[in-house]
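Here's a structure for you.
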């Protein structure tokens, strides 16, 4: 009896609630990396300290948009499934492990804006996160076949192709951090922007 | 087939859950800016340290009420919509970007209570947040037309006018920070108070 | 048309979700007040540092149980209502303002375990929180009359009486902090224990 | 009338939402223990600092997987119940008290990777958490009999046996911390791995 349910269907509600919770906390914590300048005297000193926080603020906005793109894509992706299963819970958990790593390289990028290590690490972290997302989509689309009936195999393949591009671009960005830093910076801001403008490939059928 | 769904209706559930999560974390983090006085000896020293935390406590309460007003208004606003769409998810995300910025200027105002920069920054941050809210309402009411049928165009216009007042008052407060600081302080406490007392313009139809 | 909805019924879902979010974050942050001892050398030094963290750990457990009692009571209280209204959203918001204040006096009590100020402040904070809860119950039971039909006036009065006891005991504890500290400590651990053992007065009717 | 509801059925929704919230925050905070190296100059110094963060990163991943296993098991466990009751709310609260303790020993293990105290404390903390989970399952299965009808007594006993193994192994790991540290490390990584690979004993019946 138990064996029959092992890979049986599981409601999507808590998977969504858990993911929403983790992503909500991550985006909020990103802003906490804006460290308060302490022990200053006079307005001029405070203005100057705020100016010096500009790279940290830029890193915060880029990371926020990256995580927001993940959330919107996760929303559309889960909506395209009939239900979850045990494998999806685990893969989603590993995806969230990568998401929760985002604040660390973001803070590093804010603290050492011109250096190679933060650029490399932020590319690596975003690359791993989008790779886990692609693996999760692959599992749901072609391994466990959890997607809704109205989606054709061509739809699923197109969505898969699009999900595979992001990790490839982030890996490129990680290499760029060693060779030509501006190239890495351009890629890091360009990838979320593309997903921001373009529609997710798999839309939800529900209202 | 996919193209047809690109701007199709999306369930409001996760948008609400994500927003509730972010706002819940932001209001809780605001209280964390009350820094613990360390290394004190004797009750008298602790009482004195608590007294000196008064401006930070005041900044905390004002920011809490500001975010609470946002939450209540967001609640009424989303309840007035039939469903969400992709554009609303993005605009709501940018709105949350502004909301998560709130703890930083609040902490700055607590640390440097008499200075211009924190007053300016807190006004700017609250102004940007309420502006994003107004843009989101404009998009839902007049661009994507997501509002429920029982709301007339006059209802929507009145709600829009009210949503446009808050950013204007915060911009005024940002200028006041340079000219007459008490004026800025009065506006910062006055705006949430008004929304606290007055009803949101668009009520939910559901029980 | 708008006026008619001003105090109209509002769904309880987001009020519950928002409250659950805030309380979940507060209980998690309480444990963060357990500060990591840094720069130690050798096991003996680490054991000693952990021993010295005992008062902070005790303060954490007491505060956790206090907030847990709040959550269970909130759960039963909201379940006893037919629906929410605008006034309840605001009162619940002020209740949450008090809840989010809990980590600060808890950390203070952990840092200065034998002193009067933390005992006074923790009593004051818990007193204010349970007072706001009592006000919220009063509003829902007797002002806005939001309770379910199967609850008699006698039921509501009994629940109200019980909700009024907690703030009174915490106020007593706040005075005790100045006169006889053990009395304050006893009350602070005793009140959650009573509510832990005793049933909430107003049960939910739903399964 | 009230007495009749005292141990009456309670909806599972808020128990799930509260637990999801707490666990989401705990897994996100675990990553925050990765402290940012400050005041460094040059790429070489940053690379070196990142290398030294390796034990903290390892502790983070192990703790994340531990909490993820808890979340998946909690998901399956609650899905196997017809409804909650007051006793389950309290036991779940005590379970969450243990869960929120996880970041502290994790940070300690990251800061003092070769020492006995963190290994002992992390084993003790994970042991207490999985013991509370086992107690909660015992209460729901055999005391309050909240499990769904399709589950036989043999199913419940098998699930109970499996839930009892984890605390025993963690207690063993706590003793190993004093005698043979690698044994403790092996157990700490082995237990989540087993639950990761093996199915939970009680599956949900719902889709």
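Letters A, B, C and D name the chains as they come in the text, with residue numbers starting at 1 for each one.
Here, a contact is a pair of C-beta atoms (placed from the backbone, for glycine too) under 8 Å apart; a residue touches a chain by one contact, two chains touch by 3 or more.
It should be emphasised that the depicted structure is a prediction, and the values quoted were computed from it without experimental measurement.
Asks: Taking all residue numbers at the chain B to chain C contact, is the shared part over half or under half, that is, same or different?
Replies: The interface of chain B with chain C is built from mostly unshared positions.
Asks: From the centre of chain A, which chain's CA centre is farthest?
Replies: C
Asks: Measuring from the mean C-alpha position of chain A to the mean C-alpha position of chain C, what distance in angstrom results?
Replies: It comes to 35 Å between the two C-alpha centres.
Asks: Which integer distance in Å separates the CA centroid of chain A from that of chain D?
Replies: 25
Asks: Quick one: which residues in chain D touch 2 or more of the other chains?
Replies: Within chain D, the residues that touch at least two other chains are 17, 21, 24-25.
Asks: Could you please specify the touching residues of chain D with respect to chain C in the complex?
Replies: 1-2, 5-6, 8-11, 13-14, 17-18, 21-22, 24-26, 29, 83, 86, 89-90, 93, 96-97, 100-101, 103-104, 107-108, 111-112, 115-118, 121
Asks: Which of the residues in chain D come into contact with chain A in the complex?
Replies: 16-17, 20-21, 23-25, 27-28, 30-32, 34, 36, 38, 40, 43, 46-47, 50, 61, 64-65, 68, 71-72, 75, 79, 150, 152, 155, 158, 196, 199-207
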